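Below you'll find a set of structures to go through.
Here come two complexes built around subunit A, the first alongside subunit B, the second alongside subunit C.
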Partner chain A sequence: MIGLLLCLPAALILGVGFVWPVVLLARISFNRTTDMGAMEEAWTLDTYARIVTDDFTWDLAWNTITLSAGCAAAAVALALPVTLLIRNAPPRWRGLMALMAVAPLLVSGTARIVGWMAILGDQGMVNALLTGLGITSDPLRLINNLTGVRIGLTESLMPYCCLVLIAGLGRLDSRLEEAAATLGATRSRTFLRVTLPLAFPALLAAFLLAFVLGVSAFITPRLMGGGRVFVVATEIFDLALETVDWPAAAAMAMLLLGTLIAAMVLRGVLTARKVAG
Partner chain B sequence: MRRTLFAACASLALAAPDIAAAQDGGRMTLQAYAGIFRDNYTETVVAPFTAARGTAVQYHDGGTSAAMLGTLRAQRADPQIDVVIMDVTTAAIACAEGLVEKIDATTLPVIADVGEQGRQAGGECGPAVTYDHLVMVYDSRAVTPAPTSLAAMWAPEHRGRIALSAPPNIQGLALTAILAHANGGNWRNLNAAMPRLRELAPSVQTFTPNPDGYTLILNDQVRFATGWNARAQLYSDQSQGRIGVTLPSEGTVFQINTINLVANSKNRAQALAFMAHALSPEAQAAFTERMFYGPTNTRTQVSAAALGRTALAPEFRERVIPLDWNEMVRLRDSWNQRWRREVIAASSR
Partner chain C sequence: MSHLGLERLTRRFPGTATPAVDGISLDLPQGALLALLGPSGCGKTTTLRMIAGLEAPDGGRILVAGRDVTALPPHRRNMGVVFQSYALFPHLTAARNVAFGLEMRGVPRAERGPRVARALELVGLEALAQRKPRQLSGGQQQRVALARALAPQPDLLLLDEPLSALDAKLREEVRDEIRAVQQRLGTTTVFVTHDQTEALAMADLVAVMNQGRIEQLATPEEVFERPATRFVATFVGRAAILGAEVVGEGMLRAGGATLLAAETPRPGKAEIFIRPHHIRPLAGDVMAENVLPGRVLRRVYTGDIITLDCETAAGNLLAEVAGGSPGAALQPGQEVRLGFAAADLRVFPA
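For the complex of A and B:
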């Protein structure tokens, strides 16, 4: 009973701040938009039908999934060595190293993107270095395209992956690795046959968290894509704030939410199977 | 006792502005654009109104017109805004949804002085309050001589140094309409604009200039961008001419802002008085002199210097393409799709 009471404030905040807006959004998604953009109260699935039958929606979905999955995988791959280093560091350094790994989260996402724009721009640090060293004659296009979005998104997802992996790898029993070494396994073999399989649930959790965050990412594709990268989140923004088609924006947001919930459920199923196996 | 005293003081403190305002000319809330629009509109239009009538005007930064529409929709049951200045296409939606009142010269006599285009722009709801128009802005240090035509952007030496806003942004729609008109004789002729846009696409650095084209020019990121005249003129002055502004020889189109009375306004009398003031020749002239928005009241007298920096100057007037934004709204989705599939796809970098 006390536990339930203690959960009440969080439940209230969640209800008011998330569930109620989602219900309102769902309601708007059943409204109708006239050809001049006005929203009419209705209970219709026309907007969903329009979205689902539009080829561009499927392009958007494919772009969003491939971009998020690729960046999530890259973020996990980059975060893994960092977290292994933290795990194997002397205990007195671990806290500081963990803090450094997640330090980017202390800076606003927009500020980080602006930083990337300065680094990757045509007159940015990277291009100045490359042209200065004579490696390239013309600046490389590292921003305002998919490359820029991939770099920015991977960087922004990495700290989250580090957080999950630090927690996950911290629970691994290092005696198993010691046992493998005692039995003659090389370090790489120990890593591949012992550490990695044991870390799989943490890696999966990190990937799925990064994927979910990547699917709903808006700032990075918007600011670093130069209008060339179309994902679901940027489309929702355009529908809501450029064409003012709220029912379509709401319907697309509901479809995105449904996809994310499905991904989380899938993660639960996969993890449960792994544990059972 | 102490608590009661504190509550009484707090109530008085909270009510004080209302009391003060009520003693004068009441109060009202205006929702319009933020940034330099707010700064200049407050000084040239809002402050003189408050000084003359004693009405306190709370200026609510609305962001984009679409965001303002969102606020109006959210406040439908209990409006906190009395007057809203927004783009004509969004205002038409607000009008159709009953978020703003239908209004005519009987309710607001100054409407009779607004030009025909300005009256028609607002339909049955609020009339046009400012005219702006699309211009080409450029880095005057890097681009010499000063360009007079949009064709300058197609020059190979500027490849990768151009910022354009793609549809559904209205700047992208306006540029497309101008190219359609120049190449096909009619602003609706999208097929005439597409080949030119496809040619230009590889030269475009970004289709979503952030924060805007003017800043990208000042930061040496791009040499050309499209913009709206009023802001471009102001930024040109502020940058000591670094930002050059050209009304292209191919023509331009108006961007029209209308002023609207919010339905069920709680301060209707003050709101109507403010609208009358905003549409008066004096307020219109003051804002044009300051920020180079074209006046909509035909009785407005502005200096030749200020008028020459608007599209209403006699030498520019014939270049204005009569684009019907309400018709454009119906074409927007198809234009947007064509841009994505043909222009942006041709710009892969």
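For the complex of A and C:
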């Protein structure tokens, strides 16, 4: 009873700050947009029908999914060696190393992107180095395009992957790897035959979390894409604030929300099956 | 011929004042089972891990069949290890666990099946080959771990407290089974334990370890009956300890009585160790080499054995008597004459 009471403030904040806006958004998604572009109160599925039958929506969805899946996979692949390094480090260094791995989360996303601009821009560090060394004559286009979004998104997802993998691999008994070694397995075979299979649930969890965050990412595609990369989140923003088609923005947001919930449920089912299997 | 040889093996963990393993040397003949016995932190597990190659020594050498393996990584040592937690691969069936070592050593697939079956048969688990470790009981997991370690026919079998996770009844059963399998295969074995009963029951040789050193390396009988040091006498088995003074060659004074001992250190303050089963309550006027008069304080009945806690002028003595023997009927408060042989006394300088 006391426990429930103590949860009340959090529940209240979530209710007012999250659930209620979502309910409002859902309500708006059933409104109609007049030919003049004004919003008209209604209970209709017209907006949904308009979005779902539009090929542009499906292109957008496909782009968003492939971009997020690719960046999530890259983030997991980059986070795994970092996590393994932390796991095998002396115990007193582990805390500090883990903190360093997730430190980007402590920096504002916008600030990080400004940093990337300085690194990846035409006059940025990377291009200065490449042209300075005479490797390329013209600067590589590393920002304000899909490449930039890929780099930025992967980097922003990595700390989350590290968090999930540190928790997941922490439970992996190092005795198992020792046992493999005493049974004649080299380090690489131990990794492939023991560490990797046992880390798989954690890798899957990290991938799905990164994927969900990638699909809903807005700042990185918006700022590092330079207005040339369109994903679902940027489209919702444009619909709401540029086109001022609120029902369409709301309907697309609801579709995105539904997709993300489905992905989370799928993740739950997959991990549950792994445990039961 | 020595099959396993340790030469001044040393391991010092960074940031610790004393070495975990402090220059130990020993030779183990082919087919023998050595128990490394000692309290936690005595260096026994570190020694085992160094033999397996999981821990690098800071000094000394490890020889297997005359070959120096000190610098070899674990996967090139051909040793079977059973870990305290068994460390079975949770994602593989019992059979795949056992096959793992064969596969890593490049045993052809056709040969693997029969060898896995034979290894599982050896530990009586052929029926459970397709189970995952979590579907097996503790005792069964233990047996899979043993089969997995033995399947590749290792030069050396290393067991790290393999029975500590089992309950008391199962422990005895598995203990005898491990010993039987080990003797049948003739695999030279090193066994780490803090349980003296385990060490005495299983081993051909017992190395009693304390603070990184071997206090005594001898047969179980020798360690139990003739402990080399005060530590061995107190760690292995129960012993009554009496304060005494060595007054001459083979002669001691304790609590006003003169006692005879087979061996004594130089004259001066000393401590006497006597095993409870060496002490007999004497009936009537029966004589013994050494006699201390006393009084029964407590009587503990455990079925086949009755333990009498007796008070004497030299200190308290525990006497174990068999049920039905003279002395079994003694009750607290009764006077008693306690007799023991000179050869059963161990005397260490205090």
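A few comments on the model shown:
One rule holds in what follows: the second predicted complex is superposed on the first by the 277 of 277 C-alpha atoms of A that agree within 3 Å, B and C clash if a C-alpha of one lies under 4 Å from a C-alpha of the other, contacts with A are read in each partner's own complex, and residues count from 1 in each chain.
What we mean here is this: contacts are C-beta pairs under 8 Å (C-beta built on N, C-alpha and C of every residue); 3 or more make two chains touch, one makes a residue touch a chain.
Remember, it's a predicted structure, so these values are computed and weren't measured experimentally.
Steric overlap between subunit B and subunit C is absent once the structures are superposed on subunit A; the two fit side by side.
Of the two partner chains placed around the shared chain by superposition, subunit C is the only one that A:189 touches, whereas subunit B remains out of contact. Touch criterion met: A:36 reaches subunit B, while subunit C stays clear of it. After overlaying the two complexes on the shared chain, residue contacts for A:180 are found with subunit C alone; subunit B is out of touch.
Once the two structures are superposed, subunit B and subunit C can be ranked by residues of subunit A touched, with B on top.
When both complexes are overlaid on chain A, the residue A:198 reaches subunit C alone and has no touch with subunit B.
Aligning both complexes on chain A leaves subunit B and subunit C separated at their closest CA atoms by 47 Å.
On subunit A, the patch touched by subunit B and the patch touched by subunit C do not overlap at any residue.
Interface of subunit C with subunit A (complex): residues 52-54, 73-81, 83, 85, 87-91, 100-101, 104-105, 148-149, 152, 158. On the side of subunit A, the complex with subunit C involves touching residues 173, 175-176, 178-186, 189, 193-194, 197-198. If you check the complex, the residues on subunit B that touch subunit A are 64, 66-67, 69-70, 73, 89-90, 92-93, 96-97, 160, 166, 168-169, 205-208, 210, 220-221, 326, 329-330, 332-333, 336-337, 340, 344, 347-349. For subunit A in complex with subunit B, the touching residues are 34-39, 56, 121-123, 141, 144-145, 222-223, 225-228, 230, 238, 240-244, 246.
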